[in-house]
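In what comes next, chain A is part of two complexes: it sits with chain B in the first one and with chain C in the second one.
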Partner chain A sequence: MLTAILTGFLFSIFLVFVGRFFKGKLSILASLVPLGLFIYFTQFIAPVTNGEVIMRNFEWIPSFGVDLGFKLDGLSLLFSLMITGIGFLVFAYTSSYLKGHEYLDRFYGYLASFMGAMLGLVLADNMITLFVFWELTSISSFFLIGFNNTNPASRKSAMTALGITGIGGLFLLAGALLINNITGTYSISEMLTMSEAIRGNEFYFLMVIFIFGAAFTKSAQFPFHFWLPGAMKAPTPVSTYLHSATMVKAGVYLLMRFTPVLGGENIWNYTLIAVGGFTMLYSAVHTIFRTDLKGILAYSTISALGILVFLTGLGTKEAFLAAAVFIIVHALYKATLFLVTGIIDHQTHTRDVKRLAGLNKIMLPVGIAGILAAISSAGIPPTIGFVGKELTYESALHYESLAIFLMIGIVLTKIFLLYAGFVAGIKPFVGKLPEEHENVKMPGFLMWGPPLLLASLGVLFGVAPFIIESALIKPVVTAMGADASEIHLALWHGFNIVFILSLITIGVGTAMYFMIKPSKKLENGIARLDFISPENILEQFNKIFVSVSNFWTNFFQNGYLRNYISIIILFLVVLVGYIMINETRFTIDYNSLSKITVYEITTTLILIAGIFYTVFTDSRLAAVAAMGVVGLSICLIFVFYSAPDLAMTQFSIDTLTVILFVLVLYKLPKYLKLSDYKTRVRDGILSTIFGLIVTTLALEVLSEPVSKEVGEFYAANSYIEAHGKNVVNVILVDFRGADTLIEISVLSIAAVGVFGLMKLRLKMKDRRRYADRSLNEENLKK
Partner chain B sequence: MEILLALMVGILYGTGIYMMLRRSMVKLILGIILLGNGANLLIFLLGRITKGAPPIIPGDSKVFTEAFADPVPQALILTAIVISFGLQSFAIVLVKRAHTVVRTDDLDEMNATDEDS
Partner chain C sequence: MRTTIILKTASNYLLPVLLVFSIFILLRGHYLPGGGFVGGLIASIAFILHSFANGLNKTKELLIMHPGFLLPLGLAISFLSGLAPVALFDLPFMTGLWSHDPIAILGSVGSALFFDIGVYLVVNGVTLTIIFTISESA
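Let's look at the complex of A and B:
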């Protein structure tokens, strides 16, 4: 099973090397990959029908409980078959749709890795594995939406989609960690047995929020739905595959998968009903405002996802059954409609539904596919769509308390969806062929074959629902935690209230199709409301976010060294100063201090004079000389207080620094009066406070006891172990010899740097440029 | 004497920071040097100062027989002095170099990486 999942990734890696051979006629061979996988998964139909659940576990990070755990039950099988089956048709279709495209190999690579990720997602039993594959689908979707990477709109849509679904992925991870915290496992099958404990936990609410966050973003539920219409910038095969048949259903899959674990509580059910219900109605109504075929399909897809969420929320056996059937119904008709749209776009170069009509005369098989799909979408017998719609109505009708509201919602949705299906599947093919399309050609078999096959399956399953009943539907209902033994699918349910509602739906919807014509006016009308759309709000938020962070960054990272230093020092002064005011005791034990002699007073005075001379002199040479005085005074202090090694080092280093300074000084500029009086006072105050704080700090530390343990260790072992009598030297060259070695390396690097900087000569070109610049400056000064 | 030394450490720190806040590059380096000296002195002071007892074992014995100055801060400071020399010399040469290239001593005119700004 792991191999099956990895096949997609392996294939796309394989394409990296041999991709260029795949761009031509060989490209059709790519479709063998999903076909092979489809055949592989069909072999599981029989065992799953018998109620078997196939588990595979591969250890990944056992210490964290993270395994590559896979589980194949009814739900996973249904999705796997859809992914590979529709995948096969889409792969085949693509080879004709993007024939001769420069980056066809790349496209197949993305598609194949998406397929692998999606299979991993629906088969994963470990939540971390699920999360990884979940994010992989988002990433491959990003590349596919942005496939036309020269188009800015396409890139923007890809970013939006990645942003929204990526955030959802983080929700999933958070949910996984939280559930793991309570159950101690990442395995979903094990969580099933702990459902009671999870539901009773005080963090149940949070878990539900996280899982909903993941599912709603992925499955484009309101208010996160807007990335999906944007994702239609992708080539049509992608829209077919990712954004209607498989990936967007991942959210629904997650909800179904977790229904037995988290479901059954009011918050779970009512939230799903509310969000799903609102989304399905909102998007269904939106379809009448669209004139772009793909726009219509995008909104009707969101609506269908809303229906699935809604049905999952109902939580009854009937609803699960309806959901299972509707997944198949939707995958079949929506994929067909997308593929048909792709053909129309490819042949006529327009997707504007206002300009399309009468194409039946040119591409009859495509027309048949489109019309069959539209009928299935409308739920007209004898298609599987009819079965699905009847089940949906029935489950809403039997939901005691809210039946009437739910019925109104679902019937209205279905009416609008019927309209949308008719506009997308029937309108382009009937009526009079416009002149502009008279020269349109019939597409090749690879293009019209897949949609026709899918549409025919829709009819076949409708006429003979028993084909899928026990093999696909029942195991799904079982997997969702309901008893599936008494389920029986049938086309004819008898003359009852549900049937009457169906008739009303079909009647009103058809009437709408004839009365409302898609027009620019309607589209512009809804566009006026864009300012309150979630998409727009998010965009505004993004803009504010970017400008605030720009301001923040520019405020602190303004490129002026002294501002950085000022801020650091100011922060330190405030923080340390605050603690000092509260904590300092100012007690000094004068007896413990060493006595002051005349030498020391003199040295100190010289030192202080040197420091202030360095700071306030106007001459650079004098400043450097005073600097030397400061160094030598410190050297003297070292001598007084038993540090001969330090004194020697300080002496030589100080001399060297002064010499170096003087050597390069004649090349350095004269001091300029760069700052005004006010700045200097301000800096002076800041520095004085800082100096005071350091002094106080030093005095405070002096009043604390000191431990000389380390020093005593070195003193005791210096001669005995290292055979040296100067302890400081022994520490440096023996005990901490490695440190000294590294120090020497640092010095050598600095020396190399100094040498390099001294010897570096400017290139002739640069030198001229700098000369020009200084010349200009001089001219300006004049 | 400790109080005097602590005061001097404070002065070195304060003046060091003050010099670093100037716009002139030469002053920046002088500030760094002052600050470095202050830090050395601070470590020296906090390791407690001892008069007339260098950490050198007398000629004929194997261990110290009398009080001695703590060798650990001294070892640390020795390292610090040497490393700060590396830093200073590099900085001095870098400043010289920067000056030949951009013809300014004003740090404010160097805050952009782009050549034309």
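Let's look at the complex of A and C:
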């Protein structure tokens, strides 16, 4: 199983080296990867139908309970088959859609690593594994949305999508940590057995919030929905694959997966019903204001995701069944519609639904695919869409409370979705062919084959729902924690209230299709309300955030080293000073102080003289030299108090510092009057206070009872454990060797930094010089 | 830069003496004051003194390689000395390994010595890189 997940990543690494062979005719071979995986996963259908759950565990960080744990049950299998199956069709479609594209190999690389990440996500049983793959899908989605990286709008959409789904990923991590804190495990299967304890915990509310945060951002629920229409900037195969069929369903998947763990409480159910219900209606209504085919499909996808969240929230067995069926329904018809849209865009170079009609005369197979998908999306028999809609209506109708309102909501949503499906799947193909499209050509088989296949499956499953019943649907319902034994899928449910509602839906929706024509006027109408849209509010917030952080950074880090030092010292003074005023006893234990010798007095006097000279001299060179005197005096003090190691190091460092200063001095103006009188007084006061605080601190430490444990440990063990008599050095190279290793790495980075900065400056100077020279030559020519 | 003949002559003799001294400091570190850090600083001071007396280009010729190359070399030595117990004896990272019999002059040799040699090289490389780069642009 691990190999299956890694295949996608390995393939994309493989493409890095041999990608150029996959740009031409061979690109179709890339689709063999998802096809192979699809075949691999079909072998699990039989065991999963029999109720088996396949577990695989690979140890990763066992001490933290973080493992690469995978679990294949009904829910995972349904998603795995969708990911690899639709993946195969999308890979094949891409080879024709992006034929001859300069970066086709790169595209396949992103797509393959997305497939791997998505498989990992739906198969993961360990929450940390889940989180890792969750973020990987966000990252691959980022690359795919920004694939046309020369287009600023694409880049912006990619950033927005990454930002929103990335924050969601952090929510997931927080949720994982919190649940782990309570249950002591990251394994979702183990959490299943502790559901009672989790739901009774005082932090239950917080856990639910975190999981919702992750699911709602990924599955584009209101108010986080706006990244999905933006993500339509990606090439159409990406929109098909990531942003309708698979990735955006990850949030729904998460909710379904956690229903048996966290579900059943009112806050879980009502929040999901409210958010899902609002999202489905809100974005379904939005579709009538769009004229871009992909825009229509994006909003109807959000609406479909809303329906799935809504159904998960209902929490009844009927609702789980409806959700399981609707996942398949939606994947089949929405992927078809996206692929059809891609074909239209590719052949006619427009996606404006106002300008599209009558394409049946040119591309009949594409038209058939579109119309079948539209019928399935409308829920007209004999498609699987009809089955799905009936189940959805039934589960809303049978809900314990407020059934009438839920019913109205879902019926209205379905009416608008029917309209959207008709506009996207039927309108471009019927009617009179406009003159501008008369020369449009029929696309190749690789392009019309996949959508036609998907659309036909929608009809096939509708006529014969038993094909998917026991293999895919029942195990999903079981995985969601309900008893699935009595489920029976059928096309005909009898003449009842649900059937009447279906008829109303189809009637009203079809009437709407004939009455409302997509127009610029409607689109402009909704654009006027943009200022209160969540997207706009977030953008405004972003702007304020950027300007505040800009101000903040400029205030504290204005590029003047002296300001940095002042701020650091001021901060320390306030912080330490505050604590000292409250805590200090201001008693000095004179007995603990050693006798003052004449050497110390002399050295201190030299030290003070050095400081005064540094501060008051007018010459930079003299200041540097005086600083050297200060450093060397400190060296001497180290020697008096028997710290020869420190003294040696200080001595060398001081020498080098003076040399460095002298070198830099060449670059600075000679005259030393940088600061005016006021600044000097300010700095003087600040440094005096700081000095006083440090002195008090040192004296205070002396009067505390000292714990010598650490020092004694090192002294006792340095020879026994590390064969060294110089404790300081033994600490550096042995006891705390890892610290030293990091420190020398930091030093190296600093050196590389200095090298880079200085050499870059030299280059700039050179460049300017060359630029001047060429300018002069041009002038001479004239 | 104009330099006196005395400094120039002296630096030619001081360079090897100081280098030997820096290695001496490096080696004695485990028992007496010293160690890789100070040793590296002393070595770099030796080269800087040479460059002051004879000019930067002469010192660079003497070094053959750019001092920056000491950084990856030193880091690698330090890291490998920490990795050795993991790779060879399946012990935790940075466990001290020691030869059974003391070697003449050096005394008992262990992985800590190699770690310290790495530190010595890195410190030397960092200091020389920074100072050479700045004085080139000055």
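Remarks
Methods note: the second predicted complex is superposed on the first by the 559 of 782 C-alpha atoms of A that agree within 3 Å, B and C clash if a C-alpha of one lies under 4 Å from a C-alpha of the other, contacts with A are read in each partner's own complex, and residues count from 1 in each chain.
Here is the rule we use: a contact is a pair of C-beta atoms (placed from the backbone, for glycine too) under 8 Å apart; a residue touches a chain by one contact, two chains touch by 3 or more.
The shown structure was predicted, so the numbers you read here are calculated from the model rather than taken from an experiment.
Legend: residue contacts after superposition of the two complexes on their common chain; A:741 is shown touching chain C, with no touch to chain B. When the two structures are aligned on the shared chain, A:280 is found in touch with neither chain B nor chain C. Touch criterion met: A:732 reaches chain B and chain C at once. Of the two partner chains placed around the shared chain by superposition, neither chain B nor chain C is touched by A:308.
Comparing chain C and chain B on the residues of chain A they touch gives the larger count to B.
Contact with chain C, but none with chain B, is seen for A:759 once the two complexes are overlaid on the shared chain.
Contact with both chain B and chain C is seen for A:653 once the two complexes are overlaid on the shared chain. In the superposition on chain A, contact is made by A:708 with chain B only, not with chain C. By the document's definition of touching, neither partner reaches A:118: not chain B, not chain C.
Once chain A of one complex is fitted onto chain A of the other, the partner contacts of A:664 extend to both chain B and chain C. Overlap of the chain B and chain C interfaces on chain A: residues 644-645, 649, 653, 656, 660, 664, 667, 725-726, 728, 732, 740, 747, 750-751, 754, 758, 762. By the touch criterion stated above, chain A contacts chain C in their complex at residues 644-645, 648-649, 652-653, 655-656, 659-660, 663-664, 666-667, 721-726, 728-730, 732-734, 737-738, 740-741, 744-745, 747-748, 750-752, 754-755, 758-759, 761-762.
Taken together, the chain C residues at the contact with chain A in this complex read 25, 29-38, 41-42, 44-45, 48, 68, 71-72, 74-75, 78-79, 82, 93-94, 96, 98, 108, 110, 112, 115-116, 118-119, 122-123, 125-127, 129-131, 133-138. Across the complex, chain A is touched by residues 1-15, 17-28, 30, 33-34, 37-38, 40-42, 44-57, 59, 62-64, 68-72, 74-75, 77-79, 81-90, 92-97, 99-108, 111-112 of chain B. Looking at the complex, you find that chain A touches chain B at residues 558-562, 565-566, 569, 588, 593-596, 600, 604, 607-608, 611-612, 614-615, 620, 623-624, 627, 630-631, 634, 637-638, 640-646, 649-650, 653, 656-657, 660-661, 664, 667-669, 671-672, 674-675, 683-684, 686-688, 690-695, 698-699, 701-702, 706, 708, 710-711, 714-716, 718-720, 725-728, 731-732, 736, 739-740, 743, 746-747, 750-751, 753-754, 757-758, 760, 762, 766, 770, 773-774, 777.
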